[in-house]
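Look for chain A in each of the two complexes below; its partner is chain B in the first and chain C in the second.
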Partner chain A sequence: MQREVGSLPLAPGLRARLAAAGFQTAQELLETGPCGLSKEIGISKEEALEALQLVRQECHGDAARTAGGLGTTRKFTALELLEEEQAQGFIITFCSALDTMLGGGVQLTKITEICGAPGVGKTQLCMQLAVDVQIPECFGGVAGEAVFIDTEGSFMVDRVVDIAAACVHHCQLIAEAQQEEDHLKALETFSLESILSHIYYFRCRDYIELLAQVYLLPEFLSEHSKVRLVVIDGIAFPFRHDFEDLSLRTRLLNGLAQQLIIIANDHKAAVVLTNQMTTRIGQSQSTLVPALGESWGHAATVRLIFHWDNSQRLATLYKSPSQKEATIPYHITPHGFRDVQPPAVTPNAQGTEMNPRKRPRREEEKQ
Partner chain B sequence: MDWDQFDLNPRTVAALKKADIKSIKEILNFSEADLQRLMKLSSADTQCLLKTVSRTLRKNSMLTALQLHQDKDHLTSQHQKLSLGCSVLDNLLRGGIPLVGITELAGESSAGKTQISLQLCLCVQYPYKYGGLESGAVYICTEDAFPSKRLQQLIDQQQKLRADVPAEIIQKIKFGNSIFVEHAADLDTFHRCITKRLSLLLARGMVRLVVIDSIAALFRCEFGVSESVMKARYLQTFGAQLHSLSTRFRTPIMCINQVWHQNCCLFCNKWLEGDVGNRVAPALGMTWANQLLMRLMASRVSWPGQASGVAPHCAGSMRTLRVVFAPHLPPSFCYYTIQLEGVKGIK
Partner chain C sequence: MAAKKLRRAQLSQQLCERLNRCQITTCQDFLCLSLVELMKVTGQSYYEVQKLLCKVSRACAPKMQTAYEMKLSKSVNPSSAFLSTTLHSLDRVLHGGVPCGSLTEITSPPGCGKTQFCIMLSVLATLPVSMGGLDGSVIYIDTESAFSAERLIEIAGNKFPTYFDSDEKLFCMTRNIHLYRELTCCSVLKRIMSLEEEIISKKVKLIIIDSVASVVRKEFDTKLQGNLAERSNFLTRGASMLKYLAEEFSIPVILTNQITTLLSNGPAIQADLVSPADDLSLSE
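For the complex of A and B:
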């Protein structure tokens, strides 16, 4: 943004006029806007617009080059990709059974879809993830920020406060047990207020607002480069009424899916979507299937289906490129999303709970 | 739509005018590829166009969770809720009914659903300080006649129910004047009622509560099993319209629903409800449940054994109000009775 006008790739005549008019940095050009610019240096509005577009591209290109080549095609070997993927962070969910089933937690750069009946816990998991993404690295988290796009109005901040307070308390217990310097230092900035201030909330009231918001996400994520989670709760609600033309809906959903894949990849963020269930009426019986149709099923990389078995909540991994299909039970407590049986709470075991990749310390080693 | 006011390339503006595109909604209704083909612009120009119109539509739309938490202004805050007029019931709901979204109250007949709704119609008229919204209510009857005698009884007894409110304030409120009763026995009348009557009353600020008693009655007779697709579409449309009104006017919508016994529910029993002990399920199935923010269930306590620790003379008329699902509440319940002055929770 602070680039000198002279170094921008504009036509020499134009550069001379800009210098004569007193413009020195790219920032000043962008602030003036096309109308002001065309008046000041006496060019047509079309030329001014083109010039400003070029300047914007240059500035983004600069930022991208320092960030590592956004949008340019890169070549990788499969080994490099494997290493990159293994180094990829996971956002833990605090339910170790779910984290294990997912291979470590909700994976960055992938789209995870959560389907389920109303009241089963989809929004609860989303709120938990929006808090967990902010856990500092020394506690096993990715130290990121979260974007929460709400289409149903189910984001109740009181609940997020409870979940965040429980998370901070959990980290405090670990810090007390392990007494390491960086733990205590991280806790200074990891508080309820800081967690709440890094959840960016957008309310979209229909599918047009949702589409518009997703078009603006790449820019937002470039400005807020620490965002590591984008939640859309729920994706089905705005698309399930108001559509006489179902093929238009499919086209729009496909476009949305493509944009989300690009966002997840470019910004190293996890994208989490929640979906509703609908009844598919078959020959002799009916089954519950995720809403939005067959083609939408291809959008997400990982698909979880939450359901009930009497009064136990269960999560089934329905689709995953690398993990086995499985079903695990989970619990929703006043503190948030949890396992059904809390793992044995001893000071030694607490460290392993937070970082699933650390080898659990076994009793034999101490002897 | 005056495209010149946007920060757009004149080429783009010309293409927009030539393609006869009149609104932002039309542009966003096209996928990026379709738009490019339609307007014959380069991909960079199309992206620029989409970003510019999106920016116009969504400027100033971001809030942080901290801002939501700290917002105490009663016009915008999430902490503002509609009280039920009883502190025990309000505690169950952590303040009362949320102002944005559809809340369902399901239950068997004579469980107390209409009583609770009537009480809400009176509570909404109190000042903000006492948990109300200083406005009236719309009561849409789809089945029985409106219980006006009972309403009058409740109005006369308000001072007894709301001992926390000073007498002068209660006397000043003209309860009967602010409750608008509508009758809608079939789907078309109901549709007209929502789209015309309701929007008018809400836009004028005369009401800030909508009660629909009951939503299930509209759908019972008219649809057989084979017309389930049609029924689902109606449910989704109504749900979306009510949701949109609720969001625009920050008005709670309370829908009363009936229940059917579980052996009549053809499929999805085990996916719908998580409670083994419950032999009944709310009507209208998954399609309707997907539209709801919060579901409450009212039931009669059928045997004294279930209500241990409570004085035996209450056991006969004791009822349970249960939170089935809500984004901010755990599944919990409390007992209540129906007295002359209204619905009162029991600790």
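For the complex of A and C:
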């Protein structure tokens, strides 16, 4: 009630007039009433009423905050948070080594960033996650839907069809082995068509479309409340060209990160971003580092770096608030993102992506 | 989309004029400002400005499609999803051939056959759909002056002797291949930007750029300061325009690249890895 007039979210012109008329606190405004206000500062009665309603709403919000009730601020004890986190599901990646390294899988309400050179498997993992988020709860999934924002055009529907078919097959095998009723019931709705219909795809061609789409996301997510995953494939691509003013870029990126954190928390969704690598030219040598600069490194909660070691793909957990730094190998098979098979078993068919840096795999020809 | 004028975003005339006075005319200008700046410029309250932001965003944002709709629209016309290269093992590995709607990069050391492959694909694209072609024209941007029209006719005549049985048919095919010789990065970029209208008017079904690396390596020396950023800028602008064209018209785009040596930190006796020449940004 003692809130200063200057801090209220009114139009700047109105605020200036109120200050000129001598009003200092919100309490004074409410006491004056709409008619008195309109006479004193020279605005219409309707405008005065609108302004007062806004002030009342703000003060009500403030009061709720100070009383410690529910509302826009979140106040929890650590115990409540612990219970919430333990009840929350993870989005599995079908690569058990990666899931273990991440502590169960991709966490909801957190931003995970995947960096890597081209061809290493970032988009493959994103497509895998868009399918895995839809796994029904009885199979260990979160039964959610996915939003896929594509800035690079690397989303291939046929590939998603392959991955989804393999996932459905996997669940069918589990259901057959365990023969429980709710498994079979869930399988009725978990089909290829339903998986594909619940991946919402947006193709953004430049950074303005991306910004616009992220502004509209909260509304979209309120309409589609089952969405549990938002993937932005290629957050670096639209920001890496045509930007003479780097400070504008930093500002826009920071704003984007803030909005994504709010979205992740409000809608209990996991946000997954993919980033490119750039060359940092040092004194004696140059290294590959994630693109978009140092300040972008603070945006993501969890950072994974995918890279090559001769012909093996590796994933390194570079930044995480709860898990240890580690590196694990992974494989990309026709069925999607998988573990590396142990050497005793015959290895799966070669990955669907060719990397010209790879030495030719002569041992595969024996099969 | 970004350059869309605000008055077409259904903002009121009065508001548009007010914003014009502050040099804010397009959606891009509007969305780049922070909320507080927008409040100052529009003179409206916080919640009003948020609603305006949503309105302008709706004018720029892309349309939503579900993956299922995408699959259905693709399966309506399956033969147009790939351009078969007529090399069976290559087609098998590529799951059908060169994909339509995306960029394909061909890389090799000199003399391996990139230009020959491109010339052969140009012939294939002009063939009718019944023979595995795309029944359309080809835009060939040549930066190395390596394209040989005689070789083109030789390939066409020898590969499809029954189809190209008369000179008339051969010349008809050559009329459909539009060759542009561009020798600088600037002219290549200008040419790429002007392609949209040509694709529609000439019914183009294949774009080939042979090669991107030669112009880039000629003009940008990455050891000089500032060149790396400019080169990456040029490449990403070109790449995003080509991706837009490929997706919009559902045509394949083929780029050729050269080989460079990635020097490892180890001792010189180890074999050096070879990797594609251009910056990582192009192959994204």
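Going forward, the second predicted complex is superposed on the first by the 270 of 367 C-alpha atoms of A that agree within 3 Å, B and C clash if a C-alpha of one lies under 4 Å from a C-alpha of the other, contacts with A are read in each partner's own complex, and residues count from 1 in each chain.
The rule we apply is simple: a residue touches a chain if its C-beta (ideal position, glycine included) is under 8 Å from a C-beta of that chain, and two chains touch if they have at least 3 such contacts.
What you see is a predicted model, and the numbers here were worked out from it, not measured in a lab.
When both complexes are superposed on chain A, chain B and chain C clash.
In the superposed model, A:311 makes contact with chain B only, not with chain C. Of the two partner chains, neither chain B nor chain C is touched by A:271. Judged by the touch definition given at the top, the superposed model places A:152 against both chain B and chain C.
In the superposition on chain A, contact is made by A:213 with both chain B and chain C.
Shared-chain residue A:203: touches chain B and chain C both. In the superposed pair of complexes, A:251 makes contact with chain B and with chain C alike.
Once chain A of one complex is fitted onto chain A of the other, the partner contacts of A:240 extend to both chain B and chain C. In the overlay built on the shared chain, the residue A:117 is in contact with chain B and with chain C. Of the two partner chains placed by the overlay, only chain C lies in contact with A:54; chain B stays clear of it. Counting contacts by the rule stated earlier, residues 117-119, 130, 148, 152-154, 157-158, 160-161, 193, 195-203, 205-206, 208-209, 211-213, 215-216, 219-220, 237, 240-242, 248, 251-252, 255, 276-279, 281, 285 of chain A appear in both its interface with chain B and its interface with chain C. Note for the complex: chain B touches chain A at residues 7-11, 24-25, 28-29, 31-34, 44, 48, 50-51, 53-55, 57-58, 61-66, 68-69, 78-79, 94, 98, 100-101, 228, 233, 236-237, 239-240, 243-244, 247, 266-268, 270-276, 285-287, 289-290, 292-293, 295, 324-328, 330.
For chain A in complex with chain C, the touching residues are 9-14, 54, 117-119, 130, 148, 152-154, 157-158, 160-161, 193, 195-209, 211-213, 215-216, 219-220, 234, 237-238, 240-242, 248, 251-252, 255, 276-279, 281, 285, 354, 356-357.
Interface residues of chain C facing chain A in the complex, by the touch rule stated above, are 1-2, 27-28, 31-32, 34, 39-40, 43-48, 53-54, 56-68, 70-71, 74, 93, 95, 102, 107, 228, 232-233, 236-237, 240, 243-244, 246-247, 262, 265, 273-276, 280-281, 283-284.
The touching residues of chain A, counted against chain B in their complex, run 33-34, 45-46, 49-50, 53, 117-120, 123-124, 130, 148, 152-161, 193, 195-203, 205-206, 208-209, 211-213, 215-216, 219-220, 236-237, 240-242, 248, 251-252, 254-255, 276-279, 281, 285-288, 307-313, 332, 334.
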